[in-house]
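The same subunit A turns up in both complexes below, where it pairs with subunit B and then with subunit C.
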Partner chain A sequence: MTVSSLGFTLLILTLNLCLYSIIGSLIGVRVSSNILLKSCKNASYCTLITLGLSVACLVYAFVTRDFSIKYVFNHSSLSMNPIYTWVAMYAGNEGSLLYIGFIISVASFFTLLFLPSELNDAEPYLVSILSGFLLFFVGVMVLLANPFETFENIPKDGRGINPLLAHPGMFSHPPLLMAGLATISIPFSLIVSMVFTGKFRNDGLDYVRTTSLLVWSILGVGLLLGSWWAYTILGWGGYWVWDPIENVGLMPWLIMTAFIHSIIVQRRRGMFRVWNVILIFLAFVLAQFGMFINRGGPVVSVHSFAASTLGYVFLGFMIFSAIFCLIVFMLNSNKIKSDNNVKSFLSRESAFLINNFFLVAITFVTLWGLIFPLISEVFANETVTVGAPYYNSVNGPVILALLFVMGIGPNLSWRKTSNKNLKTNLLLPVSLAVILFIILLITTSRPIMSSLSLSVLMLVISTILIEWLKGSFRLTKGGVPWFISFFKLILNNKNKYGGYIVHISILLVALGVIGINFYQIKVDKVISIGEKIDIGNYKVELIEIRNNEFNDRREKIATFSVTNKEDELISIMEGNNTFYPSFNMASIRAAINSNPVEDLYVIPSDFISESKMKIIISINPLVWWMWIGGPIFILGTLISLWPNKLLKEK
Partner chain B sequence: MGKSIISSKIIILLISFLFILISCISNTDQTNNREYNLFSQIMCPICDGQTIAESQASIAEDMKKMIRDQIKDGKEDKEILKYFEERYGQEILSNPIPKGFNLTIWIAPILIIIISSTITIYSLRKNMGTRSNNDSF
Partner chain C sequence: MLYLLLILILIICIFLVIYPFIFQNNLEDPLIRELNLKTRKEKLLLELDNELASGVLDKNLHSQLSSEVNQMINIEFKNLDDISPKIDPIEKLIKSKKNENKK
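Take a look at the complex of A and B:
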């Protein structure tokens, strides 16, 4: 048996397991047969094994360069860097479907394994919904996009991986982003099955929150890594250009962000039930929309590398999901009424409501910009492009307002806040923000929006810190140093302070965005060896140009030395421009010298001769903080996820 | 009281830190950025979804050169954009021209935000204070 036929057989096996567990679970609920239900659950567990082996087959085929498989032929070659053969399995359409299927089965496995007992009634529905979702992907692979399709005549060498993907980011960004989008199905199916059993109350809500936080953080980290990837190379337009493919990843994340906030309100106050159901449905449908756009959708993008003719299948699935959600919602809307209402505009719950409102608004603006070219084509018969300026001008202010709410929200108490409390809590932060605003306004000549954004950041970060410090002083009794109680506080209320840490990470990302949007300097220059160019506080000198020839690519490496105005050496940095003849494509890596104040960023855009080249030099202030935000984001999420309640119960 | 002094000290430390950070940022004249602002408003006609600021295609290079020449000739940004729009059609611009049907791209989100926030506030007002008997947990 060849690897390809083994892999395909395993896919067919998975297909049957899925069908069995869907139909079996539904029948099992009808006839209340526990044995059947258990067997269906086990069938769902088995998909982890079959798909895991199938993935192993494909990876094995890549690593052993088995070019009898078309997919391996299309996405690898003998001369490619061997390290990428391990990850080339998700470089194209078919393989990434297999990867997504595998992730769904892994996630379903753990979801079912750790399912709390209060959700036992919902389990059969959960099994069938998850299997149904997996069935779609496996079905598409078996019928339309088989990753194990073979050639009659085995070619000697493959085409090679898309040059743009030969980057360290390939190991983290695509797998995390795809995993994040695919696993939105987990909180989605949990909630659908809870709604089915009429149990969308507080039972199991912690579990929904845990899974949502996990999914949300995976997606968030995936997005940030993509941003970092796009930042380090030329071709994807910079850290964030509101490209359609970026947008379809961002939208579900925004909605999930709204969801993980409003689920807190449901847990604490029994409110927002209907709204939470709507949000998770929206997130799920938007994730399907993302897959549709990514796989042959009608919108032009820089990185639709996984483009295929499967667009309409995914469109169909998205429409199916939307109709499914609508029916579930209409049939069960009486079961999900809220217990309470918002009592006051000055309350924690209304702050959450406003936060949700802004997040949905940003999502809507993004979606509208994404589909507007199609709308304009149909209704006005005009072809237009909607690029970054639209999104920045419309989303920018809304995001700023959202950050503002993020600062005020934690100062409001549940139900109703007294004006007096609010005043004492906000007096210091607001006055600090105002002072900073005035100083910035006087000392810099930048647009007013930049000073405003920085002041809002100041406001938010100081509210968080003041609240934190106050808490730790309260905890300080009997001479415990306040900085020890500062950390003790985190352990006492992990949800809250984990949340604060995540908020701080978002602020750091925002700081980077503000820096690059309002303070960037960028110039095109021609530079010869030995020549020095002055920019900002730096002098950049081209030291040498090296050529490296490989079978599949020609690398040109430019080395620059960076000195300060006093000619003291700061660093030596390299940028490269790699041309792949078989793709007729160049992959250009920037030379970056990064510090907390600013990045000196040099793109070797074109080599004119052996000693002369064109470069784009820019100074990107505060970007360093954006990438620091990533680890802090993960830290914060981990702290909020750390299971203290679970341990106590057991 | 000593504690609140510590906390305000920390906050003041933070504000000065942020301020120092901002003031360290290289500050050179902005003339070169005018070029880049224009580059990022014009799409590369042969690339998918890239502006000429990012594109490596030779046509993008030519277009950049044309823009530089026009800047030298003392043309306004608007005139330069108009020039490209006339040659390549509206889709060459990375932002729709704010007139006619295109206005809906800005109006629709703003309208929807206003309408939905009004509805939300209205319905919250209406329900506020009712059903307080369930307020036990």
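Take a look at the complex of A and C:
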């Protein structure tokens, strides 16, 4: 038996385990057999072992460069740096499907293992839905995209890894993004199971929220790492270009953001039940839409690495998911009505609702921009391109309004806020925001939107900090030092203050976005060796151009010296433009000198001769903060997810 | 070697799948639902207390929201029997026995 046949046999075994779990669970519920249900749950656990070993088989094949396997041949070569073996595993369609299947089995395992007893009734449905989802991916692999397919004549060397994927960011960005999209199935399955049992009330919501937060943070970190990768390697000159592949990752994240906010309202006040079901259904269908676009969808993208001819299969699954959601909703809508209604516009729940509205609006604007070219081509026979200007001009103001609600929301109480309380709470943050707005308006010549955006950020950050300070000072009664009461405040209410830390990370990302959109300076020039270009407070000189020839690539490296106005050396930077003949693909790495104030960003866009080249130089203010937002985002999520003392004691 | 590995995995999978049929232990403590509800109630009330302590809520609103939580949990207590279809009839028997003992 070969590694490839073992890997494929394990896939078939997984397929059978899934089928058994689905059919057995449904029969188990029908005939009220707990034993059968437990057996099905165990079968679901087994898929972790079978798929885990199947993944191990593929990784082993890559490590040993087993070119008898077509997938290994297509995504690795003898000259490939062994460090990229893991990346090569999910570099194409078949391997990434195996990876997704494995992630679903891991997530299902832990979801079932830690399922709280209050959701016991939902467990059989959960097992069958999760197994059904896994069955789809394993079925596609077994029938249409076998990662273990072999050649009859074994080639001596492989094609090599896609050059754009040979980057440190690739160790985490694609796997996190794929994991995030795939594991949206977990909160989705939980909600559907709860709806099926007629118990979608308030019990088990902590578990739903925990799983949703995990999924949401995985997707969020994946998106941020993708931005970092785009900023450093793709030569786009930026972190986000509203590319279709970026958008299909962003849309489910936005809806999940709305969901994790509105589920708080359901937990606290028994409201928004129908809305929460709609949101999670929407997130799930959008995740399937993402899979479709990424794997052979009709929209062209610069980085659709898992593209295949299987687009119609994923389109079919997406339509099936949408119909399934619609039927579940229509059949159960009478069981999921809320206990309470919004009593006042000036309330926390109302702020959450507005926040949800804006998030859904951004999602639909993005979706429209994505599908409009298709609609135009099909119905009007016109080729239309929707680019960044559309997204920026429509989504920009909505995002600003969303940030504004983020600043107002924490000042509102649950149920109803009195005008007096609102005035007291808002006085200082609003005053600080207005003062900053006036200062910026007087001192800078930038568009009014830039000043408005920064003022809104001031409103949000001051709201958070003031509440933090007020809360911790109240806890200092009895001589407790302030810094102890500060941490005590966080520990006493991890959900809330973890959430605030996440809000701070979003503000940092927004700061970078504002910096690059409103304060960027850009120069596009041809430069010769020894020539200097003045930009902002810098002088950039091209020192040399080197050529390196390798078996698989031709590399052109440009070295720049950066000095300040007084000709003092700041740094020596290198950017390169590498061409991979076997892929007919060029990879550009920008030269970046980064600090908290601004990035000096040089793209070596074209090498004209041995001494002359075309470069794009820009000064990108405040981008550094965007990347700092990532670890803070993770920290905030971890604090929110940390179990409460009370639960631990129980 | 690879055959042995495959056989080993098959044995593990078959064992796990048939395990519940051999060792039948499917009793669920019916009181656990009540305990869960109590835990949730305490958690929500604790959050409200923290918000009162940090000044987000005033006393009046705190008492209103606390009574709302109590009311919400009481409804769930009432609904416990109605909305939880029992999978195994043996659970019903155990619960009624326990209730008898309580009386």
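Rule of thumb we're sticking to: the second predicted complex is superposed on the first by the 633 of 650 C-alpha atoms of A that agree within 3 Å, B and C clash if a C-alpha of one lies under 4 Å from a C-alpha of the other, contacts with A are read in each partner's own complex, and residues count from 1 in each chain.
Just so it is clear, a contact is a pair of C-beta atoms (placed from the backbone, for glycine too) under 8 Å apart; a residue touches a chain by one contact, two chains touch by 3 or more.
On a predicted model such as this, the values are computed, not experimentally measured, just so you know.
Of the two partner chains placed by the overlay, only subunit C lies in contact with A:45; subunit B stays clear of it.
Of the two partner chains placed around the shared chain by superposition, neither subunit B nor subunit C is touched by A:551. Of the two partner chains placed around the shared chain by superposition, subunit B is the only one that A:386 touches, whereas subunit C remains out of contact. Applying the stated contact rule after C-alpha superposition, one finds that A:64 touches neither subunit B nor subunit C.
Ranked by how many residues of subunit A each touches, subunit B and subunit C are led by B. When the shared chain is aligned, subunit B comes close enough to touch A:597, but subunit C does not.
Of the two partner chains, subunit C is the only one that A:198 touches; subunit B does not reach it. Contacts of A:339 after superposition on the shared chain: both subunit B and subunit C are touched. Legend: residue contacts after superposition of the two complexes on their common chain; A:9 is shown touching subunit C, with no touch to subunit B.
Legend: residue contacts after superposition of the two complexes on their common chain; A:564 is shown touching neither subunit B nor subunit C. Shared contact residues of subunit A with subunit B and subunit C: 269-270, 339-340, 415, 470. Listed in rising order, the residues of subunit C touching subunit A in the complex are 2-3, 5-6, 9-10, 12-13, 16-21, 24, 26, 28-29, 32-33, 35-37, 39-40, 42-44, 46-47, 50-51, 53-58, 61, 64-65, 68, 72, 75-76, 79, 83-85, 87-89. Within the complex formed with subunit C, the residues of subunit A that make contact are 1-3, 6, 9-10, 13, 17, 20, 29, 32-39, 42-43, 45-46, 49-50, 53, 116-118, 120-121, 124, 197-199, 201-203, 206, 267-270, 339-340, 413-416, 421, 467, 470-472, 474-475, 489, 492-493, 495-496, 644, 646-647, 650. Partner subunit B is touched in their complex by these residues of subunit A: 234-238, 241, 243-244, 269-270, 300-302, 304, 339-345, 350, 353, 357, 361, 364-365, 368-369, 372, 376, 379-380, 382-390, 394, 398, 415, 428-429, 432, 435-436, 439-440, 443-444, 454, 457-458, 461-462, 465-466, 469-470, 473, 476, 482, 515, 519-524, 535-538, 586, 588, 596-598, 605-606, 619, 621-622. Against subunit A, the residues of subunit B that register as touching in their complex are 3, 6-8, 10-12, 14-15, 18-19, 21-28, 30, 32-33, 35-36, 40-41, 43, 47-51, 54, 56, 61, 64, 89-96, 100-102, 105-106, 108-110, 112-113, 116-117, 120, 124, 127-132, 134-135, 137.
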